[in-house]
Amino acid sequence: AGTDDSAGPGGGRIFTTIDASRPGLDASAPANPWNPKGNSFLGYNGMKLAWVKNDLTDPNQFYPGIAASWDIAPDNSSITLHIQPDAKWSDGKPVTAEDVRTSIGIAYTTGSTAFAITPGAAGTAADITIVNDKTVKITQDMKNPSVKFARGVLDNWVVPAHIWGSVLPATFWETLKTSRGEGAAADKARQEILAIGQKVLAFSPPKDVSAGPFTLERVNPGEALLVKNKYFYNAKNVAPTAVKFLNYNGNEQVWNYLSAGKLDYSGFVAAPTDVMNRIKKAPGSHVITGFSPVAVGMAFNQSKKPYDNVHVRRGLAYLIDRAQVTKVASPDGGTPSLTTSGIHQVPAKAWIGDELNRLDPYNHDVAKADAEFAEAGLKKQNGKWLLPDGKPWTVTMTAPSGFSDWVAAQENIKSQLIDAGVNAQVITVADYPVYLQGLSDGQYDVGFWLMALGPAPYDIFQRLYGASNGWTNVAGRVTHSAPGKGGNWMGGPEEIDVKGVGRVNPGELTAELNSASPEEAKPIMAKLAMASNQDLPAIQLWDYVNTTFTNTSRFTDWPPNDSDMLRLPAGVWMQLGMVKVKQ
Amino acid sequence: MITGTGVVKTYKQRGKVLGAREVQALRGVDFAIPKGGAASFIGESGCGKTTLGRIIAGLETYDGGEVAIDGVSMTELKPKQRQPHFRKIQMIHQDPYSALNPTRTIHQTLYAPLSLRAKQTGRPASWIEGRATEVLSLVGLDPATVLSRYPHQLSGGMRQRVVIARALTVDPEMLVADEAVSMIDVSLRLGILALLKDLRERLGVSVLFITHDVATARYIGDDGELYVIYRGQVVERGPVDTIIADPVHPYTQSLLSAIPVLHGLEQPGEHPVMPLESLNESQSDEGCLFARRCPFRAERCTTERPLLRITEAAPQEHACFYPERRSVIARPMEV
Amino acid sequence: MTKQAPGVRIDGLTVVYKTPAGELPAVRGVSLELPPGSITGIVGESGSGKSTLALSLLNAVQPPGRISAGSVDIDGLGDVVGLAGEQLRKARGRHIGYVFQAAQNSLNPLKTVGKQLLDLGRSHGVEDLRGLVREAKDLLGRMGLDGARVLDSHQHELSGGMRQRVGIMLALVLNAHLVVLDEPTTALDMITQANILKIVREVHDERGLTTLVITHDIGVVAEVADRLAVMYGGRLVEQGPTREVLASPEHPYTRGLIRAIPRLVGDIDEAQALPGRPPTLATVPKRGCVFRERCALRMDVCDDVDPEAILRGRRTVACHAVAVKEHA
Amino acid sequence: MTIIARRLVGHLARGIVMILVVATISFFIVRSIPGDPVAANVQKLIEQGMAPQAAEQATRVLYGFQPSGSLWHQYTDYMLGLLHFNLGQSVTHAGAPVTGVLLEAAKWTVLPVLAGTVLSFLVGIVMGVYAAIRRNGKLGDLLAISGSLLHGVPQYVLGLLLSAIFATLIPILPADGPVDILFDPGFNAGYLGSLVQHAVLPVATYALAAYGGWILAMKSSVVTVLGDDFILAAELRGMKRSIIFRYIARNAILPLFTILALSLGLLLGGAVFIERIFNYPGLGLLLIESITMRDYALMGGAFLLITASIIVANIVADLFYSVIDPRVRSGEEVSA
Amino acid sequence: MSVLLESSSTTAAMRRNFWSGVWRVMRRKPSRLVGAVLMVGFVFMGVFGPMFYPDPLPRDVNQLTAPPSWQHWLGTDDQGRDVVALVITGSRYVLLAALVTAVITVVLGTGVGLYSGFKRGRWDTVLMRITDMKLTIPGLPLLLVLSTVWKFNSAVQMGLVLGLLSWGGVARAVRSQTLSLRERGFIEAARGLGLPTTHIVGKELLPSMAPYIAMNMLIAITGGVYAQVGLFFLGVLPYESNNWGQMLNTAVFRSGALTVPSGLGFLLGPLLAILLLTLAIVLVVDAMDEIFNPRLREE
């Protein structure tokens, strides 16, 4: 902000960045990683056991964090952690197994994938044992196992027990055990744990004590300053002496920072083409791209006519030029989806191999669209498509007004559809909470929906064949609720007759993925991909691209394109010894 | 005939918060103005003349006592029912500049009440135009030139005549003229006074004239009654000329003494009376209201309030324990 | 300290106002002499130019008006029309006291009278401010007020009569010997008016002033003034010793005016209103006698020739008819 | 003095009633907001890769800060809390008391608003006097028209223009928060300088937006006072120009002080745009954030604080008026 | 009858006088003429503007957020549509909502103010308390909070809500005008003559306040425009049709108009529209001020 960035504490290099996952710094928030506004910055002063690699298909690939190494049982039933031997807190105390156990206890109170007290959750831990001062073993509850167990364990914060221990009452572990049972006592125990969770969220350590490469020095509503932790185990390889986080409330501010060359690094922030070009023109500016395991789809409420008819959905798929949509809405943050298989195009090959080529790509083709519409019984009159009963048909798309790329995409689709004789309109709703409520209340005909969440195969398809489409998986048992009930707003059929496969229940298939090994998963993924591409519960529009902004004016040695650490923040890169001061 | 007995009016001035101040504007006033008669209220500023006039014209409510029009008591009637009675009494405002709506022509100004009147009396609409010309002629204006004008195109005297004409549209039995000439050029004042007197004589309209200039009161009619009002109380009441010639209340005497003497034409009265202090609303209400300012006050005056009555001292009613005739007014010089 | 009451000679004074219809005279060719130590009264109806004339005495005609011709020669000051800037400012207040037409509102509502008195003193470089305050209290006391209390009051705490007396005090406290009172009693009731007039008379005598009283009420002039001047349509139509003018008015307007005053005694029908209405700035005839429209003695010459003011003994009259009678 | 005290008591009583009413209104409005923040948070966590059940638990912990129970019960709790200045717990600022979050934000709103208002008030008043004196000239006309235009143009238009010019086209001024973190907070030149530098754009916008109103108000006030008799009277008494000027100024500014206090209150509410455009972390930004995050307690609190400050500004304005205007002081009604 | 005739002909003459007075006022400062022309332009734009363009507007996917050019005077938006066309087609929503706002503001404000000032007494107190309350609650924050509850689906609804929120000022002003007119003798005289309340209010009070109300209406229109454009700009409101505020929002927060000069045209479009509208109304109000000024009537 207008001052010489090289002058600062220690006189060394200050690394300037933003926290791309959270807009709006809160000067009064504690250095507490569980607090949603907490001034704990992932990879800088917020340390995790390990750092998840951005793998195309394997969710259990990590870079070491507090855990230097780990042994995962072949059946995923347990994981043994080995703490970095030299790891120390920023007050000089060593990081011990007790710290890890306390952190896991805290994770239980606030809920995390491996440490949840909700009965029936998949892939949760059953037991934590301290093997020795630097080793901890965690076993999975095999009643409802998940292939993501190791990830659920390693992807957790670690905080010093000597500071945070007080938030857990002495009887905590007893209570936890009780909560695993059934009946009133368990309910009460769970309530108690939730109450502790609230205390955890509000807990404010008097001073930030971190095992990460930096600790929080001070923060004001505009910026946060972190200084190097000299006790960090790899401190000598951490180049910056301090890190400055800039506040932002909207993307446009990040664009301004980037095009002024202010940021040394920023995570993905969507930007229109012109802005992107300007950012690229800033001295030293670089854009690194890589895999981002998300896609966006245009999802249908199949309880509403005519979207219950698969030919209507297919006709729309043929009509929409996805390349154009992507160009307008997310030119640098996405690539048009190749198929609408429900899988991101990058890992798709790895999952389903050559099957991919056999899927209909739904290339823009008006003739095919007309044929599909005709088959669905729609009628064309005066160049306008009408419903089978002759009533006018308007494709009404809804989006939350803050999601500008979705709105832009829908505007473009609207124009495309109108050009092709399908009346269309876009309605925005105030914000995401309203949007979600509207969706689950079945108010909208067509909405946008994130899908293909990688890398775990279950995550990929649960967006299409999970709770939103009627299937829930509690304690390993899959149940299906009728359209309009239990969060089922998509209202798809419970079974689909997939050409060349036969009738499948996609929800049950998806649930199987939860515990399937990669080899077991592949054929299931293929079936589901075919089912999605044929039945089209959603038209996959574009697959996101992870775009990272860096600047080489002050620091160099950034990861290359498609690196598997691109989705991790630069703080992690630094602790791993990357990122050097420019000579 | 309009009569009042013991009319009381108290203004509550609401303070912004808790404090409320009460102003006794009228403290039990009796009056009677016969059909075709005349009466004048005189008194210092703030003594309650306007308030009484407005009560008589039905524009203000009263808190006690009784007002009756042609024998009908107004107190028991609902506001809506009072209206037809009060129609008979029309007010002529002091300020002819604000008494006419600047956005309406004289024609429009007269048309509205006339059409109302036509409806009430079942006259045809054609009557209205004729009547408009008529009332204007009555007040000495030329209808042809005045009707289409806006008020700002008329002089003060003309406006006041229009105001009177407007009052005449509803066939009033009484006109209440509140300082009706004080804002009119000196040379024209007498014209308005003469007009009022003329209307009295020709139409039999009674006139209530409110003023602080005693001399003008004479010009409404020598058969008129004069009410001298002080702090909400009538202190002297009787035929105009009697009171002017022989006032007995010291307050009346002060008022008359204060009239400037036209040196060269007149010689001052022999015993002019000058009050001791100036009027102060917050003075105590005990005893005679005028006692503090009265040069002739005695012990009794500060403890007991004199009532309005006739004593052997004078033929007119007066509210003074020690009435005494004093020659206060200026007399024309004998040439 | 005591100065001689100054004499004032107004000569051929014309004051014009700029209006959309061009510059129109509100005061035209007025010549008037205020003898030292006298009280002169000017009467005239609304719009006849009285205030304008009064303001000219201080060279204080407000824009869009200006003095276009004539002079106002005051003893000890010279021709006021030629004064400007500091000289003029110092003359106001020090030499000429002015009591405002709407004296009711002539005080700063936010300051006490005392503070405004001090402001006045400082404006005129009075060093002995204590003395000034003493003088003010003295003056107020003589007018029947409690000086200390009044000086401590704000305008809204004073009654109309009190404000008027404060106005007079402020006009006199700097020892001015020429005092102009513009409508000193308008908006006051009879008793207060009588009081104020009495005070004016007394103060005038005590302090040896030259006083100019302006009013539309002949009664007021008759009560206090030694000399009387009658204005009509911006012209001075008649002037002379009060008693003489009242007893035998010569100008038809003066006569009409006196006849239009309601009287306490005598025959009611003797009083009569003047026909017609007073002119306004726009309707004042540009040529000829300003009064001719309402004049009973109108002659042909009145239409074209402005009657000159003719000195007759101690009186002047500007009327063709009177002149004719005189010569005849 | 007693009159001022009485006014104070009356105002306070009315102010408190008003605040209670507003609190009630805002409580019920906020409760009737559609959209399920709980579901939204669960979705968000799932989209970030958390297991659905874990996401539910995490959300439950987060929303445990929200009051529960029947609406009436919540309402009474809320009102009782209000008596202790307790506005509940924020969700986005998990567990932090709303009061604390608000106070932190309030200082960043109050400072620039105050600076901008005072600046525009001073400049506007001087220009207003000028416009009044020159009201028949070209310059006065120009001042008046530009004043009306500025008075008319909404804040965000000015803010956007200033931002486009000074932060984008010629980037000489920052638009990114209140102060540079590198400076130690405290009374040192660097910190204060940075504070001022960052405040330039928002303050300038406040000032520009308000300036038009001041010039117009001052002009008409001066014109009114100039027509008052006491000014001419003072002139005729030969008062010094400087004294007369003081008379005019004091009488003309007096009615503006009321507007000043009121506008301070209103500006607090209007801060939303400017803070959003210049990323100034004040109440307005907080309000928007609380709305998009469905942070009920925070939303209600921010709204209540803004309203309460307006009420307080009203009271202060009136009391101030009573102190400086002797007519009010002595109990006479003056229509301001 | 002759009198009637004469009176109506003089009314016509008065009217002619009025228009010539208007013309004189306009001519005295040419800027006012500009204001009037702009005003007419905006009305035309709101009423007929959208008819000149196809729905949907043509788009050029090769020119997204393009800078101004001969083809697109203010460039294009993020969908490749012409900004000028967007401003013109978007004006209908904005102006319609503002008009509804103004009408409601003025009707409600005048109604409440008149009633309160004319009836006095208890109702006056109650109404004024409510008005005070309304005036105290800050509009924008309330709108922000309300925006989460209400759906401003159409321009009319938008205007309705804004109108319901903004009548307080007018009510106060009209009340004080009514109170001061009440003190004028002619209202009292009308009451004394027994003229019905409808006459007094409709024929005596309202015409005297008409210019004032008209000016308030114009000012309320600008207020309506600002509020809704502001809300859309902040992005807290859903929208269904294109309008200036949503353009501003997209320009700033999506197209980077404050970051890249190429988007500046997109930003300037709605900004210019608002500025010109403000200017038009300021100038027209300035002219009205003089036209209805009694001083002028006296001439």
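Read from first to last, the chains carry the letters A, B, C, D and E; within each, the first residue is number 1.
Methods note: a contact is a pair of C-beta atoms (placed from the backbone, for glycine too) under 8 Å apart; a residue touches a chain by one contact, two chains touch by 3 or more.
Computed from a prediction, not measured in an experiment: that's the story for all the values here.
By the document's definition of touch, common neighbours of subunit A and subunit C comprise D.
Least step count on the touch graph, subunit A to subunit D: 1. Separating the centre of subunit B from that of subunit C, both taken as means of CA atoms, is a distance of 32 Å. Centres computed as Cα averages put subunit A at a distance of 90 Å from subunit B. If you average the Cα atoms of subunit C and of subunit E, the two centres end up 52 Å apart. One simple way to say how far apart two chains are is to compare their mean CA positions; for subunit A and subunit E this gives 47 Å. Across the assembly, subunit B contributes no residue that touches 2 or more other chains. In subunit E, 147-148, 236, 252, 258-259 are the positions where the chain touches two or more neighbouring chains simultaneously. Touching subunit E in their complex are the following residues of subunit A: 250-252, 255-256, 259, 271-275, 277-278, 324, 327-328, 401-402, 404-405, 408, 411-412, 414-415, 418, 425-431, 434. Taken in their complex, subunit D has these residues touching subunit C: 228-230, 232-241, 243, 247, 250-251, 254, 324-327, 330, 332. Contacts from subunit B toward subunit C in the complex involve residues 44-45, 155, 157-158, 185-191, 193-194, 212-216, 218-219, 222, 244-245, 254-265, 274-275, 278-279, 329-332.
Partner subunit E is touched in their complex by these residues of subunit D: 18, 21-22, 25-26, 29-30, 32-35, 141, 144-145, 148-149, 152-154, 156-157, 160-161, 163-164, 167-169, 265-266, 268-270, 272-273, 276, 284, 287-288, 291-292, 294, 299, 302-303, 306-307, 310-311, 314, 335.
If you check the complex, the residues on subunit C that touch subunit B are 45-46, 159-162, 188-195, 197, 216-220, 222-223, 242-247, 256-258, 260-266, 268, 271-274, 277-278.
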